[in-house]
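Across the two complexes that follow, subunit A remains constant while its partner is subunit B and subsequently subunit C.
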Partner chain A sequence: MLKNYLKIAIAVLKRRKFFTFISLFGISFTLTILLVLTAFIDKVVGDNYPDKKRDRSLYVSRISMIGKGYTSSGPPSFYFLTHYAGTLKTPVKIAISSGFNGTNTYVNNKKIAVNYKYTNAEYWEVLEYNFLEGKAFNKQQVDNAEKVAVISKDMKNQYFGEATSVIGQYIEADNVKYRVIGVIENVPITSYMTYSDIYLPYTVAKDGGYKTNKDYQGGYFGILLANSKDDVDKMHDEYDQMIKRLPITDKNYDHIYSHADTYVKSYVDSGDEKHSGTFIAVTAISIFAFILMILPTLNLVNINITRIMERSSEIGVRKAFGASSRTLVYQFIVENIILTLLGGLIGVILSFIALQVINGANLIANLELTINFTVLLIGLLVCLIFGLLSGVYPAWRMSKLNVVTALKAQ
Partner chain B sequence: MISLQNIEKVYRTDTVQTLALNSVSLEVAKGEFLSIMGPSGCGKSTLLNIIGLLDEPSKGNIRIDDQKTDKLSDKQLAQFRNKKLGFIFQSYHLINDLQVLDNVELPLLYRDTTAKERKQLATEALAKVGLSNRVKHFPTQLSGGQKQRVAIARAIVGRPEIILADEPTGNLDSAMGNEIMDILMKLNQEDGTTIVMVTHDENMAKKTHRLVRLFDGSQVQ
Partner chain C sequence: MFKHLFKLIWNKKKQNFLLMSEMLVSFLVIFAVFTLMVYYYNNYKRPVGLDYQNLWVVDYNNTYATKSTDSLNTYYENLRQTIKSMPQVKEVTFCSDNVPFSQNQWTGDTHYKNLALNSDNYVADDNYSKALNIKLVEGRWFSKADAVAKTQPVIINDELKANLFGNEDAIGKLVGTEDKKFNLRVIGVIRGLKAKGDYAPVRNAIYKRTDTGSYHSLGKMMISVTPDADAAFEGKLYKTLANYMKNSNIEIEHMSNKLKSTNLFYVVPMIVTLIVACFLVINVALGLFGVLWYNINKRRGEIGLRRAIGASGQSVSSQLVFESLILATLSLIIGTFFAVQFPLLNVFSLEARIYLVAMVLAIIFIYLLVFVCSLYPGKQAAAIFPAVALHEE
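And then the complex of A and B:
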């Protein structure tokens, strides 16, 4: 039976090549966009380099102060992270780093754009960067404000060229020379809390904000590390309790909000207390995916109705010789699933090419997108939904066709 | 074998009501070859469609093989047609995308058969109509007479007790028409298949056991 359906499905596809092209193009193009999008989301959310201890970490990326007519929201300050978040009992370590800042540096009169960030020593213990050579700076080096730097592999290649080892050499950023003590594997820019080209001890920061800024807000992120997974909830609650007790020093504000969240929650945190960032992100992505899918689906429904209409004589004959309406619906759905899976296959190939192009063009720093098993599975699932959505209605309509009317329409 | 009682068929549109069949009663015995004649639009095809359970009468009863058919569900009707009835149409109604053998196998797809059985039965049916050498052809590669022979093979492949033929020779020249008629007569004589045939051709009708004439939806002979 299935073999017979396959035969007729292929024959029908061959018969109206233009319709087939439009259908396959619609499916494969949409699928390509979805696959690239999911590959992107998968990379951003799913890739746990360098924060491999994500399951026992909570991220502090924002602190909001709200008063009548005033709202202020931004990353916390170094002072807040050391004096408040840093004094909690549950976290065993706290990684503190500034957001990355851009500057330019010159090698042989060639300008190189460089991003640098400041971190504390525990940062290197909480996060597990892959060191290609050398090592991270320690607490003593930080306390002594030594001008040392950890750089990314990309930075090494750009600044030093093909040199085998760069440990002990100097790199200049923002008119200061730093001694390179470690080279790490690249981090994509989408992991904005851990990405940079150059990592420096916070004590060498020129502006000294870590010393003078006693506000709650500044330009730093914190990652709290619990002893075990079981302590994460406790750490979360302890942080919330601490925020509730936080004295409000600025009379313009009457509430302070901040959360120590899981990676995904903190990544999409919008600073809006009423709507969770995850909810907004998921809703936005769902609406986008829905719109993306609904157009080709409607298009397919339309094409399918025309296609099936052309086959009304066949429907009449099949019914006369013993096909029930249900059997016919089944046949048309199977045919449609064959079509969409074919479109899916083309879509996967196109996605593979698209990802190669995106990776090759290096549009987003250090972001290597790959089609993985999850993405492929999502793709196939999307295809199946496509096939069902666009096949069920036309099939149902046509199966209800009166046999005599169907046979008359030649 | 077939029993129609006071069959009435009315086609209604918003403004017009047309009486296609007016109180037609008909008995067809097992093994009988019956032809139905009448001018165009007199209701011949409507009557054949009602006998074939492709259309429902507005009034009246139909019994086929002593079974009432008015209460059957869509699925039961489909099974009933599949087992008991075979259809031959004036314009053949072959599926052009399928090869001759696949076209003939079609009724067997809707019953419990293996691919091997289907192939064997279809090959036998094609041999019966003298088309063993055309199994791999597509309908568009065949002449009108050959197409109708494929259609006959399709109608008999499931070994139905009744064959309903709607002007089977209508699109063919007289030589081809006679060939088709010979096949139908042979089926009737050798296999005992009951055949009801709608035709315009007096010569063809004369070859059958009995002739029924319709005029304006009523039986006149």
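And then the complex of A and C:
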């Protein structure tokens, strides 16, 4: 039966090439845009390099203090992360790193912009960077405030050129010479909690904010690592309890909010307690996708109706010979799904080309977009929804067709 | 004529309903795109308000360990003299970290009588306007004499002036940045800076003068240089700064590059929106074209009859074009009803003029689209021979 439908579908597609082209164009382009969008989202929030233990990690990226007429919201301080978050019982390790900051260095009268980041030793145990050369700094090196640096592959190429190995060489940044002890695979800037060009021990920070700053806020991120996946909820609750007990030191404020959240939640955290960042992000993306899909769907419905009405004599004959409305609706939906899947196939090819172009344009350094399995699956799902949405109404209209009028029309 | 066309449309309301809803949604999408474009263009038209070529920003942190304000002032005054003495340096200014084209923003309300307007707050020294080459509209910029002024002087931009005082004179008026405390005297009005790049609006802005204790909290310096200042000089400047401020992190950025990256925040969404809108328009155009074409083929009998009783090809094709234009009008009326809500309810706090221009543009666009899409089918209808068409019946 299905084979027959397939034959009919292809015959119909061949008959009206212009309509086929319009339908396929609409489906494939909509799908391309949706696939590029999902590839981007998937890369930004779904890529787990270098935090491969994401399923048992919680991220602390913000602490907000709210009072009457005052709001202050920003990353927590080193002091807070070691003295409060650091004393929790559930986390086995806590990675602490500053946000990345910019400075310059000048090589052979050429200026290189450098982003640097201070981290503790556990940072390298919680996060699994791919080391191309050398290794990370350890606790002893951090405690001794040794001037050592882990640099990214990009930084190595920019600073040292085509050198084969740079371990043991010195890199000058911010007017200080650091000994390179490791080179890592690049991280795109969109992973703002782990991205940097140079990673330095926090003890060499010039401003000494890790020692002197006793406030809760201060430009550091924390990643709490639980022993196992099951402990994550416990860790989350323990953190919330700790925040509730946190003494309020500034009289301008009466509430302190901070959460240890999963990666995605902390990534879109806007610092607004009432409107969660996840909600805003999901709403914005859904509205965009909805607008993007409604027009092509309407268009497809229009075209499909036109096509069906064209085939009224065929429908009339089938009805006259006893085909039920259900069979006809079923046939038409199958035909439509075949059409959308065909469009989907073209869409996947188009998105593949589009992603290559986007990667080639290098809009965001080191952000390599790829079509992966999840994205393909989402694309397939979108196709099916598309096919159903644009097929059901025309099919229903068709099944209502009166045999006599249908046959008479010709 | 129109009554007759309405009747024809009404007779096929079921079929036309979908066509109309497609036009309606396209209108709303196009309206949104045009609103964005008109808004950007409106902002783009205004001058940036500062000379960003050959202007560098130095980011530092104040780590000079002293409690004494006097020695801190001497420390930074010496630094200023050192930098100023370099041949390539034209002007040096210390200011709050919300320099133009950065992500930093300090906002607060500016009060005047019963008005409280959200505005950007800046702290700037006497050389700020010279370094950035800001145009004064009225009054003057800060000078040394202001240090001993009885009431603290402030400078506002033309945007804030227009919003606070309208056509009144601003110079000498007292405003406040705290509730009900009007203790700041306006001494000058400057042409507004587009602090967020070419495509962003000029926001209300109020500038306070650096006072004796300001150096404790400042963290940015802007240096205007001669056109021949190159990377070698920048390296030298960097060394000078780093050696002078031993415990500070230092970063030198070029204003022109900062402008470029700030503009990206506006340009990238614009490009994405345009690509998507283009694709949607092509999609809709093809769809309309296909449906109209099909409809005409179905109405061959009717058209043949009209031709047979003497209608010219011209009048047949114009009938079809008019029919689709009336359809477009109907959906545009509904669409305008929705679109008008934006200025009425003041969503997104844009000027009503922007919405109106965008609406007019969108209406013209949809009419053009429908007209172009129905032109060819209409022409085809005109080419129908009555004998052939009627023979089929």
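The rule is simple: the second predicted complex is superposed on the first by the 401 of 410 C-alpha atoms of A that agree within 3 Å, B and C clash if a C-alpha of one lies under 4 Å from a C-alpha of the other, contacts with A are read in each partner's own complex, and residues count from 1 in each chain.
Following the convention adopted for this analysis, a residue touches a chain if its C-beta (ideal position, glycine included) is under 8 Å from a C-beta of that chain, and two chains touch if they have at least 3 such contacts.
Keep in mind that what you see is a predicted model, and the values were worked out from it rather than measured.
Engineer: I'd like to know which partner A:Lys319 touches here: subunit B for first, subunit C for second, both or neither.
Structural biologist: first
Engineer: Tell me which partner touches more residues of subunit A in the superposed arrangement, subunit B or subunit C.
Structural biologist: Partner with more touched residues of subunit A: C.
Engineer: With both complexes overlaid on chain A, does A:Ser165 touch subunit B (first), subunit C (second), both or neither?
Structural biologist: A:Ser165 contacts neither subunit B nor subunit C.
Engineer: According to the stated criteria, A:Ser286 is in contact with first (subunit B), second (subunit C), both, or neither; which is it?
Structural biologist: A:Ser286: touches no partner chain.
Engineer: Contacts for A:Thr327 in the overlay, against subunit B (first) and subunit C (second): which applies, first, second, both or neither?
Structural biologist: A:Thr327 contacts subunit B only, not subunit C.
Engineer: Should A:Asn4 be classified as contacting the first partner (subunit B), the second (subunit C), both, or neither?
Structural biologist: first
Engineer: Please work out whether A:Thr374 is in contact with subunit B alone, subunit C alone, both, or neither, and reply first, second, both or neither.
Structural biologist: In the superposed model, A:Thr374 contacts neither subunit B nor subunit C.
Engineer: Quick one: which bits of subunit A touch subunit C in the complex? Just the residue numbers, please.
Structural biologist: Result: residues 18-19, 21-22, 25-26, 29-30, 33, 101-104, 106, 109-111, 113, 174-175, 206-208, 291-292, 294-296, 298-299, 301-303, 305-306, 309-310, 363 of subunit A touch subunit C.
Engineer: Inside the complex, what are the residues of subunit A that reach subunit B?
Structural biologist: Touching subunit B: residues 1, 3-4, 7-8, 11-12, 15, 313-314, 316-327, 402-404, 407, 410 of subunit A.
Engineer: Which residues of subunit C touch subunit A in their complex?
Structural biologist: For subunit C paired with subunit A, touching residues are 15, 18-19, 21-22, 25-26, 29, 59, 61, 63, 230-232, 234-235, 238-239, 242-243, 247-253, 268, 276, 279-280, 282-284, 286-287, 290-291, 294, 298.
Engineer: Okay, in this complex, where on subunit B does subunit A touch?
Structural biologist: Counting only subunit B, the residues touching subunit A are 49, 52, 54-55, 74-75, 77-79, 81-83, 85-87, 89, 91, 93-95, 97-98, 102, 105-107, 109-111, 115, 154, 158.
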